[in-house]
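In the two assemblies presented below, chain A is common to both, partnered first by chain B and then by chain C.
So, the complex of A and B:
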């Protein structure tokens, strides 16, 4: 217990306060002296005034101490004396789990990050150190698993994305509390782009083999493949989206033509087609 | 060129007229030059003085922030918004007006500030902060830049008044743990908690 007598050189009364208290719990203060006094409790979220009898204990209900921080207990009769005490956050009751990004390409170093903030039931930041268990799990693999202590209420991690496309679950837990988030792991850049062509009556039908990244994950539908045909008169380019792992294009060309394709950083094989033969 | 043309102009009274005009021009030029100097000085003073409130000084140290590096523009914004937030806080708790937070407090911080103002008004209490000095230390800047945690070593004079009479006053060092997040056009305070020690 800590006794403080402030603001008055001839203190008739002293206010004795606890050194600290927990948010939401009752606190008992004591006073010295005699007679009636005005008692003020001033702190975050509260500035109450009541009549008290000096020399008796003063009970401060927990609902006046919901917020963590510094509180002043001031007793005024002829003069005013005060004591100060700190209220700390209660036990963790919720955790905010911020995860980035929501979609991530496979096999990217340090591409996934998570931050946890711990709060008590009054939404005070729990600054006392707690251990958070982080887990990041892909479809067939555990990408990250570690216990990390909070500093001033926060803990964070960063890890690489996995090899396989699909949903990734991220979990953070402390005691009985846990939070779960999900992100989508998608194929990385295309790898080994190969094309094939088929002459038709109206020109050339050209299509890719299934487009995949280097780990074998199919590239997302909608990704653009650019087909380029070169004939003696010049060049023609056609952008076609991947649909069902394959991109297709039709070229109207009667001249001998060289066809190639590109998608992201991947270049395809070249096809030489002479329709006049 | 122009000067020669004026001297050659016909009419006996033209030369004194030209001189008068020149003298007027010179005076006008000097006046405008002094005005420019005064305006420049005023501008420099306005830069040197704290933008929001005369007695709030805020410094920020970002050398220990991580894992993300804080850009200079972000640092400046945080500094300005934090100073503005304390200006608003001091005004609100002095005048017991909760409307002046200008959107700089959200969540838990806004909630306890509003409750303090309401509670102060009900019990006839007000709080005055003056001679504020805040030394901010950025201790965590989230990997995606969506959260910053700061330690504020604040020093100020505080007075608690009841019915216009000072019932408590102190001058001391205060330690705050601060959580700020980016809003639409500013950094807002989500948590502002005074602690005994960092």
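So, the complex of A and C:
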């Protein structure tokens, strides 16, 4: 493109281009001089050649100007002349709303972030400033609500997660456009792990009390609780998953045994059991 | 002269044929690839080690009938039970294994009985597995027979085991939908410890990794060694020395071997853990009981214990991975071992994993995790 432009010395005919144009809309260029000329339009996603008459207006249809960016219009007869113009994005037609993470522990500072990118109907990034209304809602609380202007086509926020485990809805809206995402707020690290045991016909049934985080949220099912027993025969360890807030393990032990449990960073109380007594 | 040559070659041929009839390989490695058949005029089992050699060769060839003929009948073992114990059942590792070779070490011999230690090498899909087993021998007239002690498997009474396990399925969204509407993050997984150990074979990276998320994770740990010029020496993964599927808050040891690279040549170790979302199940729960550090028959330190299947599902190939800690709680070694018998519902199986002699004195505590491979999920 540049080589073509440089190869064409400045001539009598001139191409007058608009200062800017909007993607997808027709543009009219004016030329001076007379006679026939070749007209070249080079830009993002387009390179076309057509015959034009100098001295008349050249109409460039909107479907050749779908992509935002710099365009070069060149008219060549005996010599060539050119003009540059910019095509900007049209009105916002869609918004991309990216949210991170998809699972977040409760009560974590600055743990949730979202970013909106605005696009027109031709998927050009809309760099003109727009105001986005963000809202983050937990089960029983609004975690975040703010209007933020886009800068260079994007607007973002960061906020803390809420106290309660469950689904969190995140919404972003501009004009008639809106997008909604959901993330899962999960319990944080277990807090106050306590265990209890009872003898059965087959040994000892040991189970935790309901395992919760410090805000009282039940720890997710499937989380592993490691039960450890120490008796004169050696060590016993059982990795048992939490189900319905409680993890259970069965130890076939007739000897005196000391049992404890751990889950993540939480350690339980210690139980000393002697079935022979 | 011609007649002499003819007589010579005929005599030599007959002599070689006769020698061949009496030939029994003494080194077990010679019999690899022979699946059946035996010499017509096999030597008599007139010594304990020859009797055991013949027995093991017959077992190696899966010539059960002949092997059973080498067994002393006094201890009530039947041929079917012997065959089942030797060749495995329930899709265990043993069912995919074959005896590659063995070495015998006499332990004790009197006029009527003897004891011989057999060091057996099995070839298995997970690599060679060593087994040390002591065989009792009994004199029976002028021959010796093997006292094949049947491993007693406690019979689990018929019962209904309620299956209430948790399962995670993974739903992968289609291609449609707007950008950002179908994002599900990979699980949060963290390496919580790493230690580089200089072993006789080279550098070994050991440590532990945990799943900090609320969903199961498939985990693989990689390590890259580089020298002081920043040149990469080698890159390896934990391969099977890790429990790949980690449930939430589960911790797995890992071990990465770099054979032939001394630790002195290593300046930097770059660790990389790669988690992925996978469908998983919380079943079966396998307890590890009676864990203690002990000495094996050869005087090596081993961690022994028993696996107890607490579910109603057969675990085909149990795999034990143990991490050993020093007094500061630092992981100093990771050992693993496959159990060659399946873990039947509510049944138990013993295990033993070795601790290197150089580190045995430093071990203060340990942690065992049980990995498992199931035929129906493979």
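In the analysis below, the second predicted complex is superposed on the first by the 264 of 277 C-alpha atoms of A that agree within 3 Å, B and C clash if a C-alpha of one lies under 4 Å from a C-alpha of the other, contacts with A are read in each partner's own complex, and residues count from 1 in each chain.
FYI, contacts are C-beta pairs under 8 Å (C-beta built on N, C-alpha and C of every residue); 3 or more make two chains touch, one makes a residue touch a chain.
Keep in mind that this is a model prediction, so the values were computed, not measured.
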| item | value |
| --- | --- |
| Touched partner set for A:223, first chain B, second chain C, both or neither | second |
| First, second, both or neither for A:135, with chain B first and chain C second | neither |
| First, second, both or neither for A:243, with chain B first and chain C second | second |
| Touching partner for A:69 - first (chain B), second (chain C), both, neither | first |
| Touching partner for A:98 - first (chain B), second (chain C), both, neither | both |
| Partner chain(s) touched by A:38 [first = chain B, second = chain C, both, neither] | first |
| Which superposed partner A:153 touches (first chain B, second chain C, both, neither) | first |
| Shared chain A surface residues [contacts with chain B and with chain C] | 98, 100 |
| Complex interface listing, chain B residues touching chain A | 67, 107-108, 111-112, 115-116, 119-120, 122-125, 127, 139-140, 142-144, 146-147, 149, 151, 160, 162, 167-170, 174, 177, 179, 191, 193-196, 198 |
| Contact set on chain A toward chain C in their complex | 94, 96-103, 179, 181, 186-187, 220-226, 233-241, 243, 249-253, 263-264 |
| Chain A residues touching chain B - in the complex, by the definition given at the top | 6-7, 20, 38, 40, 42-49, 67-70, 72, 74, 76, 80, 82, 86, 88-89, 98, 100, 113, 115, 117, 122-125, 127, 151-154, 156, 158 |
| Residues on chain C engaged by chain A in the complex (per definition of touch) | 164-166, 168, 178-181, 183-185, 212-216, 247-251, 282, 285-292, 304-305, 308, 310, 366-370 |
